[in-house]
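In order of appearance the chains are A, B, C and D, and numbering begins at 1 in each one.
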Amino acid sequence: AAGLAAAPATAQPAGDPAILELPEHTRGLGQPVAADGYGKPSRFETNVQRRQSPGLTQTRQASVSFAPLQSLFGIVTPSGLHFERHHQGWWDIDPSKHRLMINGLVKAPKVFTIDEIMRLPSVSRFRFIECGANTGMEWGNVAVPTVQYTHGMLSCSEFTGVPLITLLEMAGVDLKKGRFVLAEGADGSSMTRTIPMSLIRSGEVLVAYGQNGEMLRPENGYPLRLVVPGIQGVSWVKYLRRLEVGDQPYATKDEAIHYLDLMPDGTHRQYSGIQECKSVITTPSGGQMLLDQGYYSITGLAWSGRGKVKQVDVSVDGGRNWKAARLQGPVLDKCLTRFQLDWAWDGKPALLQSRAVDETGYVQPNYRQLRAVRGSRSIYHNNAIQTWLVEASGEVKNVQVS
Amino acid sequence: QDNRFPGIGRNATPAEVAAWDIDVRPDFKGLPPGAGSVARGQEVWEAKCASCHGVFGESNQVFNPLIGGTSPDDARTGRVQRLVEPGYPGRTTMMKLATVSTLWDYINRAMPWNAPKSLSVEEVYAVTGYMLHLAQVVDDKFVLSDRNIADVQKRMPNRNGMTTKHALWPGQELGGTARPDVRAARCMSDCPVEAKVASFLPDHARDAHGNLAEQNRPVGPQRGVVTQRPVAA
Amino acid sequence: AAGLAAAPATAQPAGDPAILELPEHTRGLGQPVAADGYGKPSRFETNVQRRQSPGLTQTRQASVSFAPLQSLFGIVTPSGLHFERHHQGWWDIDPSKHRLMINGLVKAPKVFTIDEIMRLPSVSRFRFIECGANTGMEWGNVAVPTVQYTHGMLSCSEFTGVPLITLLEMAGVDLKKGRFVLAEGADGSSMTRTIPMSLIRSGEVLVAYGQNGEMLRPENGYPLRLVVPGIQGVSWVKYLRRLEVGDQPYATKDEAIHYLDLMPDGTHRQYSGIQECKSVITTPSGGQMLLDQGYYSITGLAWSGRGKVKQVDVSVDGGRNWKAARLQGPVLDKCLTRFQLDWAWDGKPALLQSRAVDETGYVQPNYRQLRAVRGSRSIYHNNAIQTWLVEASGEVKNVQVS
Amino acid sequence: QDNRFPGIGRNATPAEVAAWDIDVRPDFKGLPPGAGSVARGQEVWEAKCASCHGVFGESNQVFNPLIGGTSPDDARTGRVQRLVEPGYPGRTTMMKLATVSTLWDYINRAMPWNAPKSLSVEEVYAVTGYMLHLAQVVDDKFVLSDRNIADVQKRMPNRNGMTTKHALWPGQELGGTARPDVRAARCMSDCPVEAKVASFLPDHARDAHGNLAEQNRPVGPQRGVVTQRPVAA
């Protein structure tokens, strides 16, 4: 059942030339330190890129690029591969000229410079961010071939910033009347989203400037973005310029025209922010070819917008029988969790699935269970169990099962 | 204000707040006074919008169509009938929109796409009115203004089409439900599934996303599938 | 006490032009998605680079570049800024031609391809790596101006790889006689180091290929390096080609000529691998200028090669009085831990210090305590408490106190 | 071998092991048979080593001096006297080295620096012998070989200079100590320190590491200090 032949490591009588003939790098002098003051991946890693899905959007400035989940390890997404979602293009803003304003139901509206925000006490937290439309192309049927396109509007970083509640308190927020906060960006779309005060009061909503140890990348909102753990990415407003405290939600374009979940009865669910518990196998996954029969470590990612992942189960027979997978620690709140299961592939077709359970007891549904309640036209919040078919040839395909 | 962090931050001036506080809420808080006619709106539309959205808002060149799919009957009931029909292809902006404030706010902040915040208040009123006219919500003599916009709201085709009765908002602020709508069980063996492949990509679409061999690392437990071969092969 | 003037955010009568005059990015259309398939930092971040210390080494291929700790957040080091230490230059090796050999006290010597190693069950762990010579220039007196040079041979990543014990077991390791493992690299230096079997048996020593979600960077050993948690960086052999199980240590060049700790009596401590508990304040730190009096969040990093950090204390009076700092979670084993303490600077000179305690109860020593035992000629394993002097001008300087 | 992972990995051939298993241990396990004279070593040294390390191994152009600081008396005691003297500047390779195997192994694997693994076994013996001669460990007629290297080991100037009695090796394999050597206490107030500045960088060295303003982010709670100004200023 071997598909593409792997570089053979089989010994010729004497042995493998890659061993017997010492390579150049074993016999020479390499490159100096600080050849790159800021380094980059190996030249053999150029296939690992974020990509657009052809035909998905009509413009490239109101569009998305997907993270290559099929090639990532652990839980941290390299910032250069973080998925992108822009509504009116991205900018590289001069931080010395950027300001943050707080207004609305506060004693005194305030203005902060980036210098000032970076002087305040900060916290750093590992969090996942998932677009509400992630896996949205697959609500009705299989539409795209690989996990990059099915689940790649997902990334995970260590974010650093100031709890928004600190800034609101500095402005003298009215926490009695002020039950909603409007977050607004400084880009052309001036993206606006209504943020629940309950989350803000918990301290977990951050006005962030740091991502994986350095400043946010321009594509991800440099110099300031909101971090709203567990909530869909569109609420993580980039190029953040203003926060307004109010007593009503704002019904902004992306909460009154998009990011609405269409139900079978024709109503739209509005203000549906939470990314419910979900998981996906990333290795092996669609568009890949297993090189051989034998042992494989099935691995993937699980997450929940409601807290920690408690369990992940894996099935190799399309959901009939399941085994508990190993969870990779540390298992963190509203953060990706990697799971693994040992598997010996016997060369017969197999249907691989993963199913996550979070600490609230919520169990990730299969398509039948999900569609029974929500139909198949929602676009948003598709957290169904993903199936990969391993064919006898070793080729892995994206499928949906009955 | 608290004083834990002296010297950090300062009060905003009224002019500063005015410069940035542009949002318009469903109750029209934030809406500046002003007015604009459908006729003026047509001029604005054809000069500044139609190139992307089509003369009747029907184009999906750069985005989903804005207009279409609503009926005068919807304006009466406040529910867009076509949203119930699973067979109807696509959803226009006007089919979904429940709050006219959203339209005003968004055009004011973000359109034209390549020159956001370039419209005058009158132009925003006018072009919003024109779009409402294209959607048969107002007639061609209408002059949309801060004083009559609340009446227009009462005729929005999908004004009764939204619900917050769900568990996807984290707090209690919107009267949602605490219990998730989809409830699966953690069945471990002999689970009630058919496990038959019901949907897959047709073979001719294998290369619709390019050559997958080039989208996977050339080393590791597997390779990407070669979906494109040189013409010669 | 203002030094350099910050960009003034003070309002002119009407307000700040950065607010009143909408910037270009608020009035235009930005750049498209996937403009960079692999993104890079903002153009305003070019000062954040790894750097050489002038005069420290005679060549750039047997040298070191230091990570800019003064500019980093949280605990993850961006891979592009990971410190470098090469002995014979770095290479970007073709992974399809790289092999790993296991030999010595095993039933059968083995060869693995990278394909095969990546097929085995992996683990991902956040770990710090510190060069044994980090802070080595400061044993006798102050030598360098900033934390980049005093402590920048320190980085922290999420490493992914196969526990070495798995590979040894596959070869049929003799765990009775085999108490040492020689790790050997494929570069010109073919770096060799003796690894304790006790650590390997614990499962924490990894044959790693992943770093922060992607493959190791070429400068850090692509495609394979050893991860030896808690042990000095030189043991984390890069371009790993061979592991030999033996019954004696190997006294390799970097454990018989270097990475020896010279004691006052003229003896050298050999095989001194553990990086003991240590900490350093990164903000504010040497070579910086505070812009104003008032609130600052003193923050820095703590770590221990023996396990978790338990406490960090901060002094602003040169070590006379201390306050317990907040530890940023998750606090992980043999991983960096960030700490913070609120501080109101009154414009008077201050001597900032941090002191870490690990879970074994070991307390980071000051220079007097350290030198009393080890003298000042060791080069390696300087984990003394670092002092930064904040002058009345706001300038921060590297000093040592009596 | 265990069989948990069938099909992963294969046995190495003897030729493969031979190609890579080049290490030489202190007990000379791994040392290939062979020999080389001091005279031959001098030729090798002057042709392939002296350009970087100096004719007498004294250069620190590219690295610390290799030779120097040892005495015939050290070769007798096995302790390099100068290591005890805090005033002696620098430490040469030969002053530190306790195990002659290390020298052979390292030259064989890594030297010449720009052409590692290019020396023949004879050349490695010869040049190792020549270095030992420069360090007065062997005389100029000496022919270093696998058969007499153990005797040379007994004359290495610092052969008794190493200790593993410390707590910095994680296991018990080397007979070290479990308890760390440096023991500080967690004093919280009125701690017994003078807290006087005892060492700092002289002002003229402020710019020895370049302009620190350019080594800090131009935004944040502080800036980098300007240590260099344009000539005009």
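Assume a contact is a pair of C-beta atoms (placed from the backbone, for glycine too) under 8 Å apart; a residue touches a chain by one contact, two chains touch by 3 or more.
These numbers were taken from a predicted model, which means no experiment stands behind them.
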Between A-B and B-C, the pair joined by more C-beta contacts: A-B
Whole-Å separation of chain centres (CA-atom averages), chain A against chain D: 46
Whole-Å gap separating chain B and chain D, where each centre is the average of the chain's CA atoms: 66
Distance from chain B to chain A - Cα centre to Cα centre, in angstrom: 22
Multi-chain contact sites of chain A, meaning residues that touch two or more partners: 6, 9, 11, 16, 19, 26-29, 44-45, 48-49, 51, 59, 61, 71, 88, 95-96, 101, 111-112, 115-116, 119-120, 188, 190, 215, 223, 241, 291, 295-297
Of all residues in chain B, the ones touching two or more other chains: 4-5, 8, 10-12, 16, 20, 113, 116-117, 217-221
Graph class of chain-chain contacts, one of line, ring, star, complete, other: other
Those chain pairs that satisfy the touch definition: A-B, A-C, A-D, B-C, C-D
Residues of chain A touching chain C in the complex: 6-7, 9, 11, 16, 18-19, 23, 25-45, 48-52, 59-61, 63-65, 71-82, 84-86, 88-99, 101, 111-113, 115-116, 119-124, 126, 158-160, 186-188, 190, 209-210, 212-215, 217-219, 222-223, 239, 241, 291, 295-297, 299, 328, 330, 332, 338, 340, 342
Complex interface listing, chain B residues touching chain C: 4-8, 10-13, 15-16, 19-20, 113-118, 217-221
Contact footprint of chain A on chain B as seen in their complex: 1-2, 4-5, 8-12, 16-17, 20-23, 25-27, 29, 60-63, 79-81, 83-84, 86, 91, 93, 96-99, 101-102, 105-106, 109-110, 113, 116-117, 158, 161-174, 176, 180-191, 193-201, 205-206, 208-210, 212, 214-227
Of all residues in chain C, those that touch chain B in their complex: 9-11, 13-16, 19-20, 22, 26-29, 95-96, 114-115, 118-119, 215, 223, 292-295, 344
